[in-house]
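Paired with chain B in one complex and with chain C in the other, chain A is shared by the two complexes that follow.
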Partner chain A sequence: MSRYIGNWIMIITLPYMLAGIFLGVGYAVGGKNASINFYKNTGISDPALYSILGGAIMIATMIILENTGGYIREEQLIGTFELHYLTPNSTLQIWFFHILPIATIMIGIFSITITPILLFKGNLLSFSEWLIAATVIFLSLMPLAGIGLVIAALTVRFKEVWAIVNVINSVITLLSGFYYPLEIFPEMVQTIALLVPSSTAVKILRTIIQHRYTSLNFGPQIILFLVLSMIYLSSGYITYKRWENAARKNGELSKY
Partner chain B sequence: MEKIKAENLRKIFITKERRGIFKGEKRKVEALKGISFAINKGEIFGLLGPNGAGKTTTIKILSTLLLPDDGDAWVNGYHVVKEANKVREIIGVSLYSDRGFYWKLTGYENLMYFAYLYHLNPEYAKKRIKYLLDILELSKDADRLVEEYSTGMKSKLNFARALIHDPEIIFLDEPTIGLDPNSARKIREIIRDLKKEGKTILLTTHNMYEADILCDRIAIINKGKIIALGTPNELKSVVEKDRVIEIQIYGILNGLTDKIRKINGVKRVGLIQEEKSLKNRIKVIMESDDVVPEVLRILVSEKIKVESIKSVEPSLEDVFVYLTGERLEKEE
Partner chain C sequence: MQLEKTENSQSINGKYLKGIMSIFLELYATASRGYKIYFRYTAWFIADLITTPIWILVFLLPILMFLPKEQWNNPTTINFFFWAMVMWDIVGAGLWSFGQAIRREQQTGTLEFLFLTNANRIIMFTRSIFTRGLELTIMFAYMVIVFKLLFGVDIILRNILGVIFILTLGLLIAMGFGEIYGALVLRFKNIGPVTNILEFVILGISGIFFPISRLPDQIRLISLLSPFTYIAEMTRYMAMGIETYLDPGFELILMILMAIIFNAIGFVTILYIEKNLKKTGKLGAY
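After this line comes the complex of A and B, so read on.
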């Protein structure tokens, strides 16, 4: 990790910087009444905490997507992608298990990111709350890994991973409510947003941060995560396998 | 005992040629046109041919990276398509000279990563890596990040990676390309040692000297076809009864080789151009020395400055020139 120290600093501080931008824009538009208006429109009394928390989850989401899809492109460019196919392993498993440590690291990053603001607010999480938050983050990242595998499959074929990742990231950001509650959208959009795992994760984590958690609250959401994980991971598996086979036929594995 | 067997392998690639911004045209490139060969246990078998001949495509099919369009191949009795994972367990492959590393990992860490992918016991992996780094003279650089490695060091590390799991069968694609003479000699020594250990090695190269000194048997491949197969001496015997002269000249004239080729008694003419100087070499394979005066007369009449002319022993290069009418490689 010490070899990418700049990246880690950027990832940890980015939610604060983005929250600063949004709060600045909000103040520029709403003036002194910005916070009151935000509360009236959304029911949220602490926009700074709200934005930093949203930003932290957004970064975790983006990193998982980019790492699953982008990782394979990186491997193609440096020439290690093809070498994995020379080893007696399922390459799909290698890519998938590569996501697990990143998801774990993301939980750590999330914890480090939100601790200063929670400390500042005198609102630190208890260990059990943190444990639930960590589980929610982990579970919400698994369906994203499935989406990442679909991107990876397209990458093997089309090479332009960043174009695909950025479009999908934009859609996820729009429908996740990182910086605004999804209730401001029509019901149809809110329903579609249920397909985006980070939208549910954001809601749960905000509930935990506000200490309004009861153990019975999250059952349906956990089931939703599991269903989404199954759907997206299966889609990722099928798409990747299909493209992998095509790539071995037409020599795409070697191209970069 | 046959360790590697290829039967009628064919491979066609579809490439897209750009015509303007939106238009493109698909073109078929027939990389392999039905090649067959077999390699015995403990043998070093060379695939010799120019760039684009189909050498790497052959290695990629045999190492399960590429599916053939037609034909079959077996490695250690395992079918390369139907039993790909079993093939992967027993082969070591060196594909690139200086690519295929994690730049932010050290040389040691790169090897350890691949050791895990081959499911090696960590203790054994450490010993094996130490041994490989020692013989490749990379030990003192083991803990440096690969991004700091020179091209030659990366080539050696690549070679070490191919041998990390002590494979029984080894595929080496141009193993000494880009290496300085000392490093290339070291790699050749190790290849010879591997043969002594009973490893079966398939080696591709366009370096005739390397093929000559290393290989037990050589298949000369050109334009997707094997045009000759045999021991280096058997191959050289193709031109043994002929005389070969090498003429060193300054500059070159369009059509000069064609003029020489038309001389009665000249069998083949090859031109070897040097990239970094005006010097060129012309190799003439002919029936007898009687042809030499006529060759010289043409050079004089074309005002070509001749530096030297000498009779040479037939080499694999001459065999290639003889069989294809083309030169095999450019001089470095």
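After this line comes the complex of A and C, so read on.
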């Protein structure tokens, strides 16, 4: 990973670029009432911080979702995928433990990404606030790692990882409310959005960073993360194992 | 003497014709290869159909937050967004087509083999332009329906032939831009992250989402240097009748000139970099 420094620079700057586009276009079309309209629609008076924060979580979410499938696809393309099956290691463990360091790095990336805007606002996080934020990020990424394993299974089965990732990413991004409040959707959609861990993570992180409200009881949300982690990780495990076995039996492991 | 002259002239004409025929043959081979690859991966196409309405919402909702709720279905605003999404595709075609094709050949280890042939270096990597053209046509029709269903707004299309002409010209400009960019991929290998950054910069300065007249003076000067500014301006002019910043006739001439100049520069740059990489032995390094 340290080989691709350019990628990391892009990951850190992307939330700023996306926020720049949304704010630039938003102010251009909204005119002089743009800020007032934004406040009325979102209840937030600081669109820049709101968008950059949403963008940082969105990038972390996308990377976790894409990474396992993308890694497998890359191994397939360069012809080294089957070689993993010649070793005595569990391939499931290889793919899963590939996600874990990335999830940890994402906490660092998130911190680096939001520091400039918080510094600009003169509003840096205290250590305890950062620690809570980091824990929330890590816990919210675990269910996504489970979805990542499902994508890995689909990659082994259908080969077309980016098409699958595109569909899952789009749905998760829409239902996470990275750049808008989910309250604009009907209640049914809001309920479905609870199944997307990043939607809860966005709400908690916004509460911590924008309102400095760490004394809030995040218990129910933490339980939700744990339940979702169990569901998605076990789904990922079952799906991957099943399709890996099928691919081994049909001789499709090395077919791409 | 006269006979010799006629024979020479016939030989030159023959070579010329042969040259044109070989270009058409290469174009046919590249296009058919591009379409074969495209239709091999049907999952991509299906995924695009599923995700297009979702991504439209994901990108438009944050912008709509800056407008009062009663304007969320404003026909002019929605039409601006529609054409912006089409433009985004054109910008993407410019940045990703050549660079990505070269990078993919590098990764799969087939680039050196392609460079062993005498095929035209530009045509060889144009395959995604053909598929982009097809994709753009299908997505255009699909997005008209999606915008109608999502926002209840009809897409304004005042001069359909004008729009087709401008979009085709736009794709040619994007192709020239992509060739220059592809040459950089050939030289510097993995420049994917730079592509992403550049894509957002281009979207920001080229008046893709709104007329450049709304930009501050200094930024407007930069936006006038972007080829994509004129594609966006002329598309909105043809489709919606929105006034262009410069005279529309002048912008059209600029676009035609850019299509020729960019493609010529791109071709020369790729040849120059290929020659240099062959000398230094870095053609196969990635």
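Just so we're on the same page, the second predicted complex is superposed on the first by the 249 of 256 C-alpha atoms of A that agree within 3 Å, B and C clash if a C-alpha of one lies under 4 Å from a C-alpha of the other, contacts with A are read in each partner's own complex, and residues count from 1 in each chain.
We take it that a contact is a pair of C-beta atoms (placed from the backbone, for glycine too) under 8 Å apart; a residue touches a chain by one contact, two chains touch by 3 or more.
All of these numbers come straight from a predicted model, not from anything done at the bench.
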Check your understanding: Here chain A is shared; do chain B and chain C fit on it together or clash?
Key -> fit
Review point. Once the shared chain is lined up, is A:Y180 touching chain B (first), chain C (second), both, or neither of them?
Key: second
Review point. Is it chain B or chain C that touches the larger share of residues in chain A?
Key: C
Practice item. Considering only touches as defined above, state whether A:T87 meets chain B (first), chain C (second), both or neither. Key: first
Check your understanding: When the two structures are overlaid on chain A, which partner does A:N250 contact: first (chain B), second (chain C), both, or neither?
Key -> first
Review point. When the two structures are overlaid on chain A, which partner does A:L100 contact: first (chain B), second (chain C), both, or neither?
Key: neither
Practice item. State whether A:L124 touches chain B only (first), chain C only (second), both chains, or neither. Key: neither
Review point. Which partner does A:I223 reach: the first (chain B), the second (chain C), both, or neither?
Key: neither
Exercise for review: Examine A:I78 and indicate which partner it touches, taking first as chain B and second as chain C; both and neither are also allowed.
Suggested key: both
Review point. Now for A:G26: first (chain B), second (chain C), both, or neither, which partner does it touch?
Key: second
Review point. Which angle, as a multiple of 10 degrees, do chain B and chain C span at the CA centre of chain A?
Key: 70
**Study point:** First, second, both or neither for A:M17, with chain B first and chain C second
**Key:** second
Check your understanding: Quick one: smallest Cα-Cα gap between chain B and chain C in the superposed arrangement, Å?
Key -> 5
Review point. Same chain A residues contacting chain B and chain C, which ones?
Key: 4, 78
Study note, to complete from the structure: Per the touch rule, the chain A residues reaching chain C in their complex are 4, 6-7, 9-10, 13-14, 17-18, 20-22, 24-30, 33-34, 37-38, 40-42, 47, 51, 77-78, 158, 160, 162-164, 166-167, 170-171, 173-174, 179-180, 184
Practice item. Write out the stretch or stretches of chain B touching chain A in their complex. Key: 13-14, 60, 63-67, 85-86, 88-89, 91, 93, 95-96, 99-104, 114, 117-119, 145, 161
Review point. Tell me, which parts of chain A touch chain B in their complex?
Key: 3-4, 78-80, 82-89, 94, 248-251, 253-254
Point to revise | Parts of chain C lying in touch with chain A, wherever the complex brings them together | key: 41, 43-44, 46-48, 50-51, 54-55, 57-58, 61-69, 77, 80, 107-108, 190-194, 196-197, 200-201, 203-204, 209-210, 214-215
